[in-house]
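Letters A, B, C, D, E and F mark the chains as written, and numbering starts fresh at 1 in each.
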Amino acid sequence: METMLASHQGQVANLERVAKLLYKTTSSRQQCWKTNKVGSNVTLINVMQIPGLNTLGISIARIDYAPLGQNPPHTHPRATEIITVLEGTLYVGFVTSNPDNKFFSKVLNKGDVFVFSVGLIHFQFNPNPYKPAVAIAALSSQNPGAITIANAVFGSKPPISDDVLAKAFQVEKGTIDWLQAQFWENNHY
Amino acid sequence: METMLASHQGQVANLERVAKLLYKTTSSRQQCWKTNKVGSNVTLINVMQIPGLNTLGISIARIDYAPLGQNPPHTHPRATEIITVLEGTLYVGFVTSNPDNKFFSKVLNKGDVFVFSVGLIHFQFNPNPYKPAVAIAALSSQNPGAITIANAVFGSKPPISDDVLAKAFQVEKGTIDWLQAQFWENNHY
Amino acid sequence: METMLASHQGQVANLERVAKLLYKTTSSRQQCWKTNKVGSNVTLINVMQIPGLNTLGISIARIDYAPLGQNPPHTHPRATEIITVLEGTLYVGFVTSNPDNKFFSKVLNKGDVFVFSVGLIHFQFNPNPYKPAVAIAALSSQNPGAITIANAVFGSKPPISDDVLAKAFQVEKGTIDWLQAQFWENNHY
Amino acid sequence: METMLASHQGQVANLERVAKLLYKTTSSRQQCWKTNKVGSNVTLINVMQIPGLNTLGISIARIDYAPLGQNPPHTHPRATEIITVLEGTLYVGFVTSNPDNKFFSKVLNKGDVFVFSVGLIHFQFNPNPYKPAVAIAALSSQNPGAITIANAVFGSKPPISDDVLAKAFQVEKGTIDWLQAQFWENNHY
Amino acid sequence: METMLASHQGQVANLERVAKLLYKTTSSRQQCWKTNKVGSNVTLINVMQIPGLNTLGISIARIDYAPLGQNPPHTHPRATEIITVLEGTLYVGFVTSNPDNKFFSKVLNKGDVFVFSVGLIHFQFNPNPYKPAVAIAALSSQNPGAITIANAVFGSKPPISDDVLAKAFQVEKGTIDWLQAQFWENNHY
Amino acid sequence: METMLASHQGQVANLERVAKLLYKTTSSRQQCWKTNKVGSNVTLINVMQIPGLNTLGISIARIDYAPLGQNPPHTHPRATEIITVLEGTLYVGFVTSNPDNKFFSKVLNKGDVFVFSVGLIHFQFNPNPYKPAVAIAALSSQNPGAITIANAVFGSKPPISDDVLAKAFQVEKGTIDWLQAQFWENNHY
């Protein structure tokens, strides 16, 4: 019966499932950052791991930051994010929309909570050169999506026309070509 | 400009505020549980702490559990909850709606993630007699609300008619009166 | 064509169906209450009876109350309820969420309308020892759900741990065990 | 506190108010139909009577029909309606949208439930020449609105251009002028 | 992967499709109006043409008006419309809901923008006897629906009872019968 | 009355206002592109111009493109966009979210319709070196917002830390500093 109801609204069925957010050992996490250019990795539990989350409007992620690692500028196309620091310190920021493009930034310590409104570009950076940082982020969608700006702009497959990007970013086409030739690593798993 | 827009949709303004989720020292937290009958306390960051969260559909809480402490059976009238264990072990459960009232329970270890669908009765219990536990819970509303079942039923002000409760709970009116005379402590701050 | 559109939004198709809300004869209804411990029965028309209601956000119920019968404390996890008395008198109440748990109650006469906000614990009681009462309740979901508090807490299958419930309700485990041994009857059909 | 929260989401505050749906005596209701061209009157309880209903997405109405009275073709611009017959018999119908404009109709007896999907043109007619009928309708909005088609088209203030209406309704302008000169009585109170 | 996600939320998959809004040549459009009683035609791109639009809450239409042509009084049961004039001049109007049924009208010139709120009766008329007009309308649903009032009321299949319509429109049954015998042409394609 | 209702739901009041989308003469538009680095300008009609649009979930924009002009890569944080070409030709594209970052592109001719899903990075480019292009875009929010990627990342006020951007974009800090020293012009009005 609950299953039938769920096919109508999805609220109840298949929620008796346990997902793993922090399954990595410390050493395996360190291995992640070290082989990762931006020095961070994001582990998301969403409707793909727990199908019963469908329509329920929430998901949760753990983010691990190497010393000086960052979760580079990105957006969530379908969710607002609320983040809290579990370990270490984070320098975080977001930019408002046109025409002002105001940049707001804060240093967050353990236990601090901050919000990134739906669709705005934001980042987190671990300013400590010696210690890692860890955060938990919750998102207001069962399928929030993530768009790492540099990867989507310069690392898309196939690449975006360099004519378009050269004018948009006010650089030579050669610079765009060079950027597009780099390896743009995804830090979301 | 952003402020004006916010008055239309609330997405952007006043989000440059840092709230504190884990502000308590370990010793102050311990003091909380010890003087608390159920042995847990919930610290919620919602639209009351960060007004810019309005309409954004998310909030976050930290829950501290004493050894053998519990976050007793409760509901969130306006939110689904996704929880992850940060420290220790939790035995968690929820009950489905009429007519089946099926009880699902799981033991969650560090890093495990579990979902409580909007409005369902659920609880968490720390089965370890020696060690505390800590969890982070995210909720799909900026104002999720919490209703501790025992408190709302037996500790309301003024009390619900004992005639009504005696029949509903299949006990003597004297039992209801005794229950209503207890001190029903709120563990949500 | 309408059918195809409905698969995209569900608003139009399969709504030419008549459901029966008041199909019981007076005598069959009386039989219901008399064999029913709480002295009431709820007949709900939702998306299970009229599949075309899916996504349309409404359902309707008739509630019959024996003399001194009650619709015991319960919640609707996914809907606000608006109720109107058709026959007799009802004493109704609801309790607000933590931390206040304020109890509001009213006596409703024929034609009075009252609202129970989504997810709040509420009940209706027929205070008349001689006459039945009848009400119509509308709910803001095609699948509102109903959770009878006593049944979900003490009558779940399997039972919730008596350790958890004893602490939550401030009673002896023996009392919980006794409660869990009772027959918890569902008054929703 | 609840009041503050309500200003953020409106779910809880000011809901302890009783509105009157069936306040009319039988004789005063009869007086209504008799002086009313269409032979029906609608009494709606919405957010205007119970301000705390705001954002809760539900309202309720009572409809009284004289013998041979009708609630003429109308739409609710912001709500689906679910209706149940309390007394008498109703012949009800709705028309689907372009391009099919299919007309579905049913005869509803006491206790029957029927749905009118949001925005569709529908009506109810009491086919009994001797007996009145009564129905309860619930609507999926706290402010559903009602548009009586004939009144809005031919009785608007100021009138719609008769050039436009003559072509739209395929009649002479004189016919439109005659229609616009009638008294278009509102049966919603 | 995007495809799987889309099955959960529909935002991304199958959006790489181009639909045609203005595919008609001027001469074919003229042919349309000339054989069309109301002198207009509406071409809508919605979820039927671009399935990936599902749940995205938007669609777009082009409307062509012959000299003195009109898009006759109609409603969109599931969408607000925002319209802009591309060529020519339009006299537009809408009527508010009961009890006021106020009629608001404006003359729109090239580039003017106007809004028709969800579910309200509205029309556009090209007052120029020599020149056609063209408008673009966007709608806040992937499946807005359109109900041409005259067609739904007098041209439904099967026809609505002439007893009901005669009383609702305050005319003789013979007039209703005559109206129902006309050919009610749909101008939505 | 309508005004009071609007304060509860905003659907009806203050919608009798005409906004101007195409108010610019051809020569003033040309002047726009010529002094504009990206060669395009966007004129949006949203809730700021028509306050009654609040909560109605739609807005509309006109976009003018100089020969070889572009509307550079940007997102709308709160809306899906549906676009149609009025004059000329557009090469358009969007990039899907992590981890695939697939780039989809199309050439759109007059009358073609294309969709950019909420929050995804997208652009339009006029590939014709001699002729301008014009498009109408509708958005599924009364306040969609626009974030021009290059401007938000490199032209924010104050600038984002060059340490963060250098690592995120895999370039030298000097390159970031040079980019941040450019003039980042907003093409949204």
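The criterion applied here is as follows: contacts are C-beta pairs under 8 Å (C-beta built on N, C-alpha and C of every residue); 3 or more make two chains touch, one makes a residue touch a chain.
Note that the coordinates shown come from a computational prediction; the quantities given were computed from them, not determined experimentally.
Enquirer: Any idea if chain A and chain F meet via the same residues, over half in common, or different ones?
Expert: same
Enquirer: Superimpose the Cα atoms of chain B on the matching ones in chain F and note the rotation angle, 0 to 180, in steps of 5 degrees.
Expert: Resulting rotation angle: about 120 degrees.
Enquirer: Taking each chain's centre as the mean of its C-alpha atoms, give the chain farthest from chain D.
Expert: A
Enquirer: Using CA atom averages as chain centres, what separation in Å is found between chain D and chain E?
Expert: Each chain's C-alpha centroid was found; their separation is 24 Å.
Enquirer: If you average the CA atoms of chain B and of chain D, how many Å lie between those two points?
Expert: Each chain reduced to its C-alpha mean, chain B and chain D end up 42 Å apart.
Enquirer: Mark out which residues of chain C touch at least two other chains, giving numbers and ranges.
Expert: Counting only residues that touch two or more other chains, chain C contributes 11-12, 77-78, 97, 99-100, 102, 117-118, 120, 145.
Enquirer: Mind pulling up the chain F residues that touch chain A in the complex?
Expert: Touching chain A from chain F are residues 37-39, 70, 72-78, 91, 93, 95, 97-103, 105, 117-121, 123, 125, 145-161, 163-165, 167-171, 175, 179, 182, 184, 186, 188.
Enquirer: If we count contacts the way the header does, which residues on chain F are in touch with chain E in the complex?
Expert: Within the complex, chain F contacts chain E at residues 1-2, 11-12, 15-16, 18-23, 45, 49-50, 52-53, 56-60, 62, 79-82, 84, 86, 94, 96-97, 99-100, 102, 104, 106, 108, 110-118, 120, 136, 138-140.
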